[in-house]
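This structure is in structure tokens; I'll ask about it shortly.
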Amino acid sequence: MAKSSPRTGEKIVMVVLFGAAATSVVVTIGIFLALLFPSINFFREINPIDFLTGTRWAPTFADASFGVVPLISGTFWTTLIGLSLAIPIGLASAVYLSEYAPQRIRKILKPVLEILAGIPSVVYGYFALFFVAPFILNDLLGINVGTFSVLSAGLVLGIMIIPTVASLSEDAMSAVPQALRQGSYALGANKMRTTLRVVFPAAISGITASIVLALSRAVGETMIVALAAGTRASVVNDPTDAGQTMTGFIAQTATGESTPGSLTYNTLFAVGLLLFLITLTINIIAGIIVRRIREEY
Amino acid sequence: MEREIPTTPRRIMACEDVNVYYGDFRAVTSVDLTFGKNEITALIGPSGCGKSTLLRSLNRMNDMVLGARVEGSVTFHDQEIYAKEVDPIEVRRRIGMVFQKPNPFPKSIYDNIAYGPKVTGMKVSSMDDLVEEALTRAALWGEVKDKLKQSAYGLSGGQQQRLCIARTIAVNPEVILMDEPCSALDPIATSRIEDLMVELREDYSIIIVTHNMQQAARVADRTAFFTALADEGTGDRTGVLVEYDKTATIFGSPADQRTEDYISGRFG
Amino acid sequence: MATIGALATPPPRALRTAKHGDTSFASIGFLIALWAALAFAVLALVVLLVTSFIDGASRLDGALLTNYTSQVFPETAGARAAILGSAWVISTTALLAIPLGIAAGVYLEEFADNRKWWNKFIETNISNLAAVPAIVYGMLTAGFALAIGMERRIVLAGGIALALLILPVIIISTREALRAVPQEIRQGSIALGATPLQTVWRQTLPSAVPGIATGSILALSRALGEAAPLLLLGGLVFVTYDPNGLFSGFTTLPIQIFNWAGQPQLEFQQVASAAIILMLGLLLIMNALAIFIRNRFQNRW
Amino acid sequence: ACGGDADGGSSDSGSISGEVVSDGSSTVQPLTAAAGELFGSENSGVNVSVGTSGTGGGFEKFCLGETDISNASRPIGDDEIVICEENGIEFTELRVASDALSIVVSQDNEFLECLTTDELATLWGPAAEGTITSWDQVNPEFPAETIELYGPGTDSGTFDYFTDEINGEEGASRSDYNASEDDNVIVQGVSGSEFALGYFGLSYFLENSGSLKTVQVDSGDGCVEPSAETVADDTYTPLGRPLFIYVKNESYADKPQVAAFVDYFVEQSASIAEAAEFIALNDEQQGELEDVLAGLAG
Amino acid sequence: MEREIPTTPRRIMACEDVNVYYGDFRAVTSVDLTFGKNEITALIGPSGCGKSTLLRSLNRMNDMVLGARVEGSVTFHDQEIYAKEVDPIEVRRRIGMVFQKPNPFPKSIYDNIAYGPKVTGMKVSSMDDLVEEALTRAALWGEVKDKLKQSAYGLSGGQQQRLCIARTIAVNPEVILMDEPCSALDPIATSRIEDLMVELREDYSIIIVTHNMQQAARVADRTAFFTALADEGTGDRTGVLVEYDKTATIFGSPADQRTEDYISGRFG
């Protein structure tokens, strides 16, 4: 709704509404500044290159070292494992719900799946720690993991983001016009081919968006990795090892000593800034990709 | 109409006592119709009289509609298409369909045509040739031959509809069903499609639903006029066949008063 | 060029083939794979619920609701302070985020000219905010509290952090709910001489209420389960009094669970599991409510 | 830190009410929480809140004036005293209980019975980082299996105490171990692997003696088991340690609820330690404690 | 048509050199039209020729369409409705509109009618009376008087459309614009609406867009025929007015060949 010449009262309301929308920008700027100032102090003391390329992370030890690569490797592995579980399961669930499930079943199953997304991540953390690692991985699958491993944290993280992938992809596929399916059936295509070759490609921008959101969730998830991935900040080469993620470090350190102004405090915010920039970059790139795909057709 | 039309159609498809239900609601009641080979048959009648419903039951597209159910006999080359052992996928390949709103796939023009042959597993010696031929037959080749790799969404409405016809031709059906194929198009695009239908009649049998009586008069060999009556049982309105004859007869000297009222614009 | 022509009049051929039908081997295999995926997801949920229940069932008692946590008597420790703390924080969150989110959603969906760069910018910005890690909102609030000299571990700070976290979710679901209201309703109202604002207030927004309510409940249930941003605010772990205002210290259920589960005594592990069940129960109720609203009040346009 | 009913009156048992704000050591937290709880059962108007920022984190807040009491598992450091002085915070140190910093391994572990302080230093020293990864590097008699280490994080007084005593410098430690302020994480980690080792306060061991066992420590006078007795008779060296609360003098003087709480804490230190499963002070230590308190009150 | 129609309309509204743009695209070019008081004026023409666009510009509904822009003069009682000082809200109240798809609000029948008077701040002595009168005028009172508190969605399509007309009447406009008001309705409902239009002509001036030429012939006093031509500047198709005259003239002896072709079904 563009122009209109509202009365004065309406103009005031409109300004208020605009203000509400603009709050989001204020929040973003706020986040940026809140992270930036302590980070600047951090980088006064620590060379940014060393920070980004160093492979020893021991910021609070006597022999301190600020190479963030171990944390990035931890985040990378938990995210990778989480997505490798969530994308296939989530997409397959979405395809079933959107293309195959009878209306009645869909109405039940979709919300049931969404419950997975709503379960507190603290609960998931203990689930990974007390159930997935000892019983599923060690006993059932015979994969030898310690109590803490990026594998168990990543898998449970994957379970948590299944509904993010499934629900949004399902929305995208359901939004594909019925006319396209009919067109395909009328050419003698069966249901599987129609799904894979017409519906799926037509929904690809929505599906990509769902995966990106799941990716951001995985990168930013804190409690699961803080509880189940371990706290040893070494570069992770083997997913059955323990490791620490960026969020895990923040959570662990912030619960303890984090007096404003201290180097530890600044370190937290430097890692926070890095985390924020990573998710932001992912989203901006994904936004461009999604738009590109959409424009093509 | 300079064309000779046999008194009885050379049957390629037929309906016998066909009733179509949506759940408990009977949308079409007891239709008998014989469709002729290499003819254009038009189905006309006021909105809601079940034309689309009947058309969809001719190639089992109704299977896709929740709650839809067909009773009676629909045959194609004298085979019952609703028989247990019949594969509906094969039915739809051989009885193609073009829809009211052009519905190209969000793919390139080329891929739109190649899609059907690929998914139906047709043995094709040269896909390029097949695409060219289908587009040529749909009178579209000249306009698109330089942009085969571009998205079909860049075409105008009329071009898109011809693309959909080309796509249907590419899987080599015998019958083409069209549900108001021109109602979303402008007059010029409409007349191109009408010309195309007349050409296609040489190789295919065409059944078209149209709201536009002039269109039926212009292109159809035979016309069936439907209307909606109160169902004797439920009182709901249900579609019935009023009259079926050569188009010239339907428009010139209809046997039924309701047909005449409709044709002359007194209702509808 | 004869590919089609030659085939155009084929001899009548049987309509029966199994090769391409929906009963082909590939189709069935595909369907089974889909089922398996969905079964996995549902199974994960069931296992999670069942294991939580087994561990905590013995402590699902009245004391869980009415007692404070106890260092001396872990076997009767309760989540009273955490339940009340969660209630305080979530109410604060709701009061902050819902009106703001709805107002922003209404502006963007109903009034913003999305060809203007600033509106586009706001939109992009909101979708990016939706992906910002929860813990970052905790850092923002901590930094903000520091800047204005506000105490960090009070109800208000927790409410602000969680409100910022769910704000984008509420904006987005408000917009979706508004978008689902058909344009015809707006046009009908405008054509009768209603102003755009009257149209929104009396037609569009009421019609979108079920959708907005559903989205808000789901967002609040997410906030209820969040611990990370509150940890950043130095969330208290041993609270044995009822929070009594926006400036009161507090603990919440997830933080209490986190703390209990970190204690050595078996009794604490049990009460942690019982609190998990309590929280899952709350969550299921909120989800069920959202689904109920969605199904019951969904407008059939 | 909590804006509760600071001035609300209480109906029962006298007139004291208000907040007692404490933070600091996670080792001492159960002790202070138990004290608060026992105290609260007689003085329902008083709210005692107990944070767990770690000893170091607690002192930082304490020296900024944010808390009344700071829990500590090591004595306050010189640099911390400076900050307190800068901010005009005067305080009194009260030793309220004892602890045996315990080295623990899994019940499944069969080769670790006793470690010398030198072996501990080899295992945990900064030089071990990335190099000492297999048990036979610590002692050739140990199996050639990968070492898995768990310990408290750097905010922890336990960490400070351990590194000071074993590695010779506070904060000097290898960093490639699973560090956590949450001692139960250490319990989980160590009990999960027969080649894992960790350290924390004795009470965590006592609660988990089903899945863990302690390692004796040899500081030159033979292997000694950590226990209430060996701590009380000072034979568990160097890892037997005092636990403290630090009280802000101003709070003790101006806030009756703080004074009442601290008095209670000192008087009942034995029963509080028992309730929280800590090692109580011996008579001599209890006497010293009461003297210090008398000085503060006087 | 037994009715006397003056040679020149008694002007209530008029367009002068009206051009309507969507962004850079000119959808309607240079239209001059005078609408008569207490007349029914029909706008006909093939799809996409800008009928709806022009209609929406007569009560500033286009203000709501992103990018839409009207140039030229549109007057109502000789006042420029696009003048700066004119309140578009007031314009829309006095020039009501009825849409193609019935669009009742998701409220009770009563509240649907009462909505307009309430939001426009009309001083109403008795809302009940006003509701009854509007429904009576829209020939709906008899059918709904016992269920005023029930949801409007329970009505049939035809009843809903009459409810929308009643709702429009309730704010007491002078002109009623209708955009294909019957195209979603069955023939019986259509003929009830047509009867209603003829009745309403006594008190209101009606401008109707229709695809159905028979409908124009049946109800309209005057008919304007539009078509779409290639714009001279851009080459895009743009709507132009071909011919405007009494309905009898347009259908009986049109002056323009294109009108005759359209009327006789040779195109469109």
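Which chain is which? They are A, B, C, D and E, in the order written, and residues in each are numbered from 1.
Please note the rule applied: a contact is a pair of C-beta atoms (placed from the backbone, for glycine too) under 8 Å apart; a residue touches a chain by one contact, two chains touch by 3 or more.
Just so we're on the same page, UniProt names per chain: A = Phosphate transport system permease protein; B, E = Phosphate ABC transporter, ATP-binding protein; C = Phosphate transport system permease protein PstA.
As the structure is a computational prediction, the values presented were derived from the model and not from experiment.
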{"item": "Any chain in contact with subunit B as well as subunit C", "value": "A, E"}
{"item": "Shortest path length from subunit C to subunit E (each step joins two touching chains)", "value": "1"}
{"item": "A-B or A-C, whichever has more C-beta pairs in contact", "value": "A-C"}
{"item": "Longest centre-to-centre distance from subunit B, chain (CA-based)", "value": "D"}
{"item": "Middle chain, criterion being Cα centroid separation", "value": "C"}
{"item": "CA centroid of subunit D to CA centroid of subunit E, Å", "value": "84"}
{"item": "Intercentroid distance (Cα basis), subunit C paired with subunit A, Å", "value": "15"}
{"item": "Mean-CA-position distance for subunit D and subunit A (Å)", "value": "37"}
{"item": "Numbers and ranges of subunit D residues touching at least 2 other chains", "value": "52-53, 185"}
{"item": "Touching two or more other chains - residue numbers and ranges from subunit B", "value": "89-90, 93-94, 119-120"}
{"item": "Of all residues in subunit C, the ones touching two or more other chains", "value": "20-22, 113, 186, 195-196, 234, 261"}
{"item": "Subunit A-touching residues of subunit B, taken from the complex the two chains share", "value": "59, 61, 64, 66, 89-90, 92-94, 96-99, 101, 103-107, 115-116, 119-120, 151, 153, 164, 167-168, 171"}
{"item": "Subunit B partner contacts - residues on subunit C that touch it in the complex", "value": "1, 3-5, 7-10, 12, 14-22"}
{"item": "Contact footprint of subunit A on subunit D as seen in their complex", "value": "52-54, 56-57, 60-61, 64, 126, 148, 153-156, 163, 169-173, 175-181, 185, 188-189, 191-193, 196"}
{"item": "Residues of subunit B defined as touching subunit C within the complex", "value": "76-79, 81, 85-91, 93-94, 119-121, 124-126, 129-130, 132-134, 137, 169-170, 172, 174, 203-204"}
{"item": "Touching residues (chain side subunit C, partner subunit A) in the complex", "value": "20-22, 24, 26-27, 30-31, 33-38, 40-42, 44-45, 47-48, 51-52, 55, 100-101, 103-104, 106-108, 110-113, 119, 121-122, 124-140, 142-144, 146-147, 164, 167-168, 171, 186, 195-197, 218, 221-222, 224-228, 231-232, 234, 253-254, 257-258, 261, 272, 276, 279-280, 283-284, 286-287, 290-291, 295"}
